[in-house]
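Look at the two complexes coming up: chain A is in both, with chain B in one and chain C in the other.
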Partner chain A sequence: MMKSSVYGLLLLLVLMLPPAADFLESIMITHMHMQMPLLVISGIFMAKFFQNRFTGFFSKWNENGVPGILLFSIILVYWSLPRTMDEALTLTSVEVFKFISLPFLGGVPLRDSWPKLSSFWKHALIIFFTILFLALGWLYIWSPVQLCNNYLVIEQITLGWGFISTAFAMVIYLIYSYFMDFSKYE
Partner chain B sequence: METVIKQTGKTQAFKDKANKVMGISLEDAKITKSYLSVAFLAILLGGILGLLQGLNRAGMLELPAWLNYYQVLTAHGLLLVVVLSAFFTIGYFYAGLSHTLGGLLPKVRKMAWIGFWMKIFGFVLAVIPILMNEASVMYTFYPPMAASPIFYIGLVFIVLGVWMCAFGAFINVASWRKRNPGQHIPILSFFATGVFVLLFFGSIPVAIEVFTIIPWAFGWVETINVMVARTLFWAFGHTLVNIWYLTAVSAWYVIVPKIIGGRRWNDLLTRIVVIALVIMNITGGFHHQIIDPGISEPVKYMHVFMSLAIGFPSLMTAYAMFAVFERTARKKGGRGLIGWYKKLPWGDVRFLAPFIAMAAFIPAGAGGIVQSTNQLNQVVHNTMWIVGHFHLTLGMSVVMTFFGISYWLIPYVSKRMLTPQINKLGVIQTIIWTLGMIIMSGAMHWVGLLGSPRRTSYSTYFDNATALSWDPYLFFLAIGGTLLMIGVLMQVYAVFYLMFFAPKGNTEFPVADVEEDEAPTPRWTERWGLWIVCMIVLVGMAYVIPLVDFIVNAPPGSPPYKTW
Partner chain C sequence: MFPKNKTALSSLVVLVFGVILFYIGTDGFQAFTAETARVNQLMDEKPKFPDVTLEDNNGKTYSFTEFEGKYVFITFLYTSCGTVCPELEVNMSEVYKRIPEKYIGQDIQFLSISFDPKRDTPKTLETYRKAFGSDGETWRMARIPKQMELESLLDRFGVIVIPDEYGNFAHNSAFYLVNPKGQLVEVMDYTLIEEAAERITEILESGGEE
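What follows is the complex of A and B.
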């Protein structure tokens, strides 16, 4: 189990290497849809370490998983704003905050919360992100102005379609889990 | 009725058993027989056209004005890559679904028939303009070449017919799962599910493409975005290639071990191979566009990576197959580092044909990896090398597996038996086909490296020295093609003999069991919805960047051209 934490840490370190970070941040969509999810995933891998270290903390403060998932959602919403992405590229402090917040305040609570959540909350979360992604997709595609100083309008539109296609995949999943009653098959 | 059936009380279990003992129901058999008949008629016609092309390219035959090289080539491509492979795949998997799921549902049977006639109708519509020389656009029908609108309308019906069959399969699998809670879908039906998922999702892009072409072909809109059309085509075209491959692979994993008297490879890993191929497939399409302009370098680089990723499950397959062969042969007393191969049933066409098919996949796969690399692709792109490559992958790996299947599947559905004479005919056919393909595709590869272009009727380019130097190779191409034609005739004879004239009897549907000591396969392999979502996310990752670029930064579109 601790092995996965080491892999998570390694992934985080690789993502922090300047060539890797520069490459992923050079394209808007890979910045938001590749680097950021990978940071969250590194946190998911590392979560076991914290869960073992601070068992009491997690069971006390994240008993039913809802506080953790709220923290995760806030962090993710924060990083979906064009403004924050721009700042990460210009201000070192914000960049550092990105590499800390996404794994440790996003990935770790997600891993701790997900198994504790009832299926209502799980679906509510996916629905929330579907709506958010559709809205963001709309914003990025049809915004009349350039939203980021660092990225061109064409990149912005590409990212918008990236949001729409991710939302589409989530809709498919929701439809699938609405129509499939897994208890019937098990 | 046989007396060995124990009355279990449960009708389903009873039906399953009845199915095993008495063979396929007549109604289900009729579906498969019809699909396979069309498939093998397509290979007969397609083979004749292929021979015409081969003889023409060797400068030995001039085609008449009313049937020019490009008409023949369009029909050859369409007959073999669309008709043969779609009809065989559906006929084979519908028999597999019927056998492993205890018969097809009446509703599904109806869907299979509707799908059958839609495809036939669509095909007839597509062939008419080809014969009238109004649609010499090759089976890839890339804009800006424009065919008569009737051609594309025909394609729409073919796609709709395929979807009908895909949904029929989903309905049958879902109904079985409801009736058998907690059980894994039988492995052959698992493969079928994967294939039909790919058929459905893979043909969505081409459906979109065709719907944008039709108004353009009618002249209702003036221009079309060529890059978008090509990209949508290859998202489909590449997936189609892997659908045939996955169909052949299903026989390698499930059928061949049974025929050699062994057990199949690890169930979990087999299912992982299917899932991996389903998730990673569609994005491979870009390796057909390595030379295309308008795609930035980093995107092309990403796609090389995505293409080569598909190599991984393929390598797993190669390993698995040889592991099964060795294990089975050793159980039968085979000895030595390589001496065990003597224990395999080489004289049985049901083994020999798929075995050679697998062996052919080694050079074929290596060639594929070569072509996926940017620099090497520059050398071979649009040369005869490519034609050599897909006659090796398709004409050998896939089609020879189909041939091997036909020697038990057709007797199974027609309730007849494979006779020793037909088996012998099959072995000879296999040898002829192997020689023919090696000669033809070897010549194609070589002459391609020397620069001979594909899709070009015979020309010496005003007796240019380079072009003249291709002639000896093109002559070999014609020799290989002639051997193949003999092979086609033997194969088609065997198919229809087995379907209508062979002695009556019960033929088994050979599905291998897993090893006894194998750990149970985990539940998560059944989460098809999840695999489909992963697939869509991956497709999004691959296509969003280039498609947005093509559309937003589009050059002026192209009007339709008739280049012939």
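What follows is the complex of A and C.
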């Protein structure tokens, strides 16, 4: 079981390598829709290590999964602000915070919270992110101003469509889960 | 203590953390984009216009101190730009028209600065000037031939210019107002013509107190 944590750490280290980081950050959409999710995924992998190490802490303070998922959501919303993405490129402190917050405050609590959440909260979360992504997509595509100083407007529009497609995928999942009874397969 | 209260407490802690995080990250819910943050910072710092040599549409070269004692209304552009710059210059001409005539040339100088000195020769600038109804005297168009000087100015005024693969530049746009002492005092939204004209007239009327 510890193996997954090692892989998670390796993934994080690879993402931190300057050539890898520079490459993913050179394009706006890979910065937000590849690097950031990969950082969260590295945290998801590493979560087992923390869960084993601090079993009591997680079961006590994140018993129903709500605090953890709240933390995950806050971190994700924070990193979808146009400003934080810009500053990650220009300020080292913000960049460092990105590599710490997304895996450890995003990925780890997500892994710990998800199985504990009732299906109501799970759906609420997906609906929340669907609305957020539609709004962000709308903002990035139809905003008349350039939101990020470090990226071209065309990249901003590409990112907007990335958000819309992700939102679309979540809508399909929601419709699917409405008609399907997952409990039959569990 | 009930277990339920514990998660309520940790949720609260997380929420407080979130509010603090957003408060710090957006300068107290003020600036959600780096551009707003940049403008706010510039207004605080009031940087001084560096001593650079300009070459204008008439081919004349002079230092920026030429304008000492006057307010200088500045925009940054490049003439091959097909998107924002024409709009920026049209808006600049609208502001120019709205400033009471007695101030023009006397208390305020209009200046468009190109950040593409390679292509924007005095001749190109001369053609461009005519297209926007600038008189070439009270509203001049100029380039900064020395790359080093150009960069120091762009850097100090927070103008971000990124060349793209088609020979164009992505850049942020605004109206800049430099006071008679050469300090940047206002960065204004270039789409709000009326507001900019009103603000400048106000400053000029107050006799340069601000």
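Criterion: the second predicted complex is superposed on the first by the 182 of 186 C-alpha atoms of A that agree within 3 Å, B and C clash if a C-alpha of one lies under 4 Å from a C-alpha of the other, contacts with A are read in each partner's own complex, and residues count from 1 in each chain.
The definition used in the following text is that a contact is a pair of C-beta atoms (placed from the backbone, for glycine too) under 8 Å apart; a residue touches a chain by one contact, two chains touch by 3 or more.
Small disclaimer: the values here were computed from a predicted structure and weren't measured.
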Once both complexes are superposed via chain A, do chain B and chain C end up clashing or fitting? fit
Here the angle between the directions from the C-alpha centre of chain A to those of chain B and chain C, rounded in steps of 10 degrees, is 110
So, does A:Ser4 touch the first partner chain B, the second partner chain C, both, or neither? neither
Which of the two partners, first being chain B and second being chain C, lies in contact with A:Thr158: first, second, both, or neither? first
Per the overlay, which chain contacts more chain A residues, chain B or chain C? C
Should A:Ile172 be classified as contacting the first partner (chain B), the second (chain C), both, or neither? first
Check the superposed model and tell me the shortest C-alpha distance between chain B and chain C, rounded to whole Å. 11
Which positions of chain C touch chain A when the two form their complex? 3-4, 6-7, 9-11, 13-15, 17-18, 21-22, 25-26, 31-38, 160, 162, 164, 170, 172
Note which residues of chain A are touching chain C in the complex, please. 60-64, 66-67, 70-71, 74, 78, 81-84, 86-87, 90, 145-153
The chain A residues in contact with chain B across the complex are 27, 29, 33, 154, 157-158, 161-162, 165-166, 168-170, 172-173, 176-177, 180, 184-186
Of all residues in chain B, which touch chain A in the complex? 177-178, 181-182, 298, 523, 526, 529-530, 532-533, 536-537, 539-541, 544-545, 547-549, 552-553
